[in-house]
Amino acid sequence: MDKTYASPEEAIADIPNGATIAFGSFFTAGKPTALTKALAKKGVKDLTVVVQQVGTGNEEMLELVTNGQIKKAICNYPFPRSASKGAQHPFEQAVRGGKIKLEIYPIGTFVEKLRCAGAGIPGFYTPTGVGTVVAEGKEVRVFNGAECLLELALPVDFAFVHAWKGDREGNLVYRFTAQNYNNAMAMAGKVTIAEVETLVEAGELDPNFIHTPGIFVKRVVETGRPEFNSASV
Amino acid sequence: MDKTYASPEEAIADIPNGATIAFGSFFTAGKPTALTKALAKKGVKDLTVVVQQVGTGNEEMLELVTNGQIKKAICNYPFPRSASKGAQHPFEQAVRGGKIKLEIYPIGTFVEKLRCAGAGIPGFYTPTGVGTVVAEGKEVRVFNGAECLLELALPVDFAFVHAWKGDREGNLVYRFTAQNYNNAMAMAGKVTIAEVETLVEAGELDPNFIHTPGIFVKRVVETGRPEFNSASV
Amino acid sequence: MSKMSKVVIPEMPPLEREMIALRIANMLEDGSYVNLGIGIPTLVSNWIEGRDIIIQSEIGMLKCGPLADEGEQDQDRINASCQFVHELPGSCYFNVETSFAMIRGGRMDVAVLGALQVSAKGDLAGWNNPARGLGKTGNIGGSMDLAVGAAKLIVAMEHFTPGGEPKILEVCNYPLTAKECVDVIVTNYALIEVTPKGLVLKEAIPGITAEDVQKMTAAKLIVADDFHEMEL
Amino acid sequence: MSKMSKVVIPEMPPLEREMIALRIANMLEDGSYVNLGIGIPTLVSNWIEGRDIIIQSEIGMLKCGPLADEGEQDQDRINASCQFVHELPGSCYFNVETSFAMIRGGRMDVAVLGALQVSAKGDLAGWNNPARGLGKTGNIGGSMDLAVGAAKLIVAMEHFTPGGEPKILEVCNYPLTAKECVDVIVTNYALIEVTPKGLVLKEAIPGITAEDVQKMTAAKLIVADDFHEMEL
């Protein structure tokens, strides 16, 4: 099975307006930089993006904001930490101005919603968020004396992930903390597209140490090691 | 943090009568052989065992049965495949005779119950088992038009896992399909005890490729590579 | 049970188990991920060597290779039926929670399972033969997850029980594996599709007519417009 | 809000942030797994070098080492605050779903978090400052999971807001991170335990009396029998 594509542009060519797309990355680590740039270039609109934060330590995402491509964002740490930086930030401004709708979750819930989407589990209970704004509109149920919220799986049409190495069949290996959300998003994606720093032949990765099995990955594109821009968060 | 114990006997010394214990292994692969033998020798009784199967391809478990140490078993493939072999099998006989109570789950539910126990998720919904005996007494709820069952987390007092390599701080690496249930059980265990074929110093395992992070493991004991007995299943 | 006695076992010799497996192998598309259950389904792997099909084993292995002979066996490399297997270039190993995430999460394009009974609606009964007398317990294993999770579920089985009773019934009377999950049934006499209209007979082995298949089946069959001889 | 204006800020210079961190470091037991939040909590790591304490970073790292200076920085090795860190012998990396399984699953012996407000019952408000005007949105991050999951939750914060308002209140009026989750509050003036009976004042910095602490706190304090000067 050769899942490789020649370029990021070709790998994302069929993404339509209105798609829901998840993006790996924890601030600066493990960003699908090349795929995100290609998406900005493609210019599709009305996107729902699922990502830790939009444009904080992640300039590529920011371009989607300034291009007006995003309709809705599902995040866990959406804004710059600093209130003053936030006030200047295009994403925060778009949210404040009602141009982008924002939905937020605690990280543990956010990532578990993605994993569950990939695991065929439509809903799960968590104690996180009880008694907070996160609980609004959600079912509360008591397990062993502790209140928990019902949270639902979050499937996505496309997932963009960034891996250190990948083989032609989609087996992926991440590097250090660049692993972060990439595996859960690969699981959640109906179509998962992996950009890999180095593409190898099937059999070159140690089969005992694959972070994301190829079955979760539909497309692979080699994009090299991204240049690092140490953005402020 | 040095979590090592000198022997399997010392590592399990505090297990009381009535404990719930999970055992890694998928038939013959990844069995905590030395720990299970030590448990048989210790002779504690009224145990609840959580394990794929009891004594099929797993002679060490069988000894717990013939010793009368097991009160209840929670399994997904409890019996020998062959009906005639089953009729002769001490575990099947004990279940038929009412000496051991048996609870069964589909594998996917079984392993997810363990993972959830370790992940602080008290319950989850799964489409597996709807309309079958597995659904009896369980809440059914519809998600996106599909009926699902509510299944609960399954925490265990102790988990016995078998790893290929482990360091003193409990980081574990498994080998090939001997990985199987060991990670989920390590997560579920209030006290997880790992027998490792080879014990190494902290820093000797590649930190990018740890299957079970040390935080899930309370005790480590080096037991060498187990002799292989290719038991029939 | 009255229906059971009405079925007629033909004189024609049925397909060997290997040939049932071959018919199924020919249905698999290149580029697909497939899980094979215990029994006849396992034999499908003999017919797909060299093809671009990846076998998943629910123990936690993708691209599970052929059975390993003595001398090449590794105690840590077995499939879900506890058989020693080979690794292939591109194989990978993972834990059982991930394995069943794949299965339940719909990543298996095809699962091939054995069955004790299949109903006209595609209900599958495969994990508990009441004759064994184990009541509501038994070996579920991965069968229920595969039945609900696989995009396409093919049942591979003999048309009759060893005692000559039909296995395709209007309604299953054995404990179910899952409801309305079977897409195709391939037996040693026929290939039958489960459709919203009912069971559609698509193929029969040489020398067996559609009428013959109906006589040996305890559920009503719709004969397909393109009903034809099974090609192998 | 009336209570807020009643509190009295003392003349005594309070502890530096580093000293709050030191007091907390001295509370940590060897052999424990600890998660440190953004802000003062992060400074705790400066005081535990060489001790047998393992720091978890929720990005997916155990045994997270000290900050890495320029030249030693790796773009793929950052902590949850996006700072470059070192690896230590025995470090390991994992994905975020596993990271939060640990956190929510109760494997963190201690979490140290900053706070905007803490209530008399130990409610924590730390993720949303209404002054920023973001309504019901904001940066939750890992704070809610840590607050419910950690076996022991220590809050590290200044006693007053930059505007001189009290942060320890009978009831929080900022959006909550979690209810009844805080075990200990360490501020730049005092150490207060949250108990079923209420807030118990255990320690104050030199020159500050129990009465002083009560005056600067907008919730009722019970003075511990062994109330004493904070040792650092």
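Lettered A, B, C and D in written order, each chain numbered from 1.
Simple rule for what comes next: contacts are C-beta pairs under 8 Å (C-beta built on N, C-alpha and C of every residue); 3 or more make two chains touch, one makes a residue touch a chain.
This one's a predicted model, so the numbers in the text were calculated from it and none came from an experiment.
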item: Interface with more contacting C-beta pairs, comparing B-D to B-C; value: B-C
item: From chain A, the most remote chain by mean C-alpha position; value: C
item: Distance between the centres, which are taken as Cα means, of chain D and chain B, whole angstrom; value: 37
item: Geometric centre distance via CA averages, chain B-chain A, whole Å; value: 33
item: Between chain D and chain A, distance of the C-alpha-averaged centres to the nearest whole Å; value: 29
item: Shared-contact residues (touching 2 or more other chains) in chain C; value: 87, 93-94, 100, 103-104, 148-149
item: Sites on chain B at which at least two other chains make contact; value: 108, 112, 115, 119-121, 126-127, 174-176, 207-208
item: Each pair of chains that touches, named by its two labels; value: A-B, A-C, A-D, B-C, B-D
item: Chain A - residues contacting chain B, complex; value: 108, 112, 116, 119-127, 141, 143-144, 146, 148, 152, 173-176, 206-209
item: Of chain D, residues touching chain B in the complex; value: 31, 33, 52, 54, 56, 62-63, 87-94, 98, 100-107, 148-149
item: Residues of chain C that touch chain B when the two form their complex; value: 38, 57-61, 74-82, 87, 93-97, 100, 103-104, 123, 128-129, 131-134, 136-145, 148-149, 175-179
item: Contact footprint of chain D on chain B as seen in their complex; value: 1, 115, 117-121, 167-169, 171, 187, 201-203, 205, 207-208, 210, 213-216
item: Sites on chain A touched by chain D in the complex; value: 26-30, 53, 57, 76-79, 81, 83, 86, 92, 95-96, 102, 104-109, 111-112, 114-115, 126-134, 136, 164, 175-184, 211, 228, 230, 233
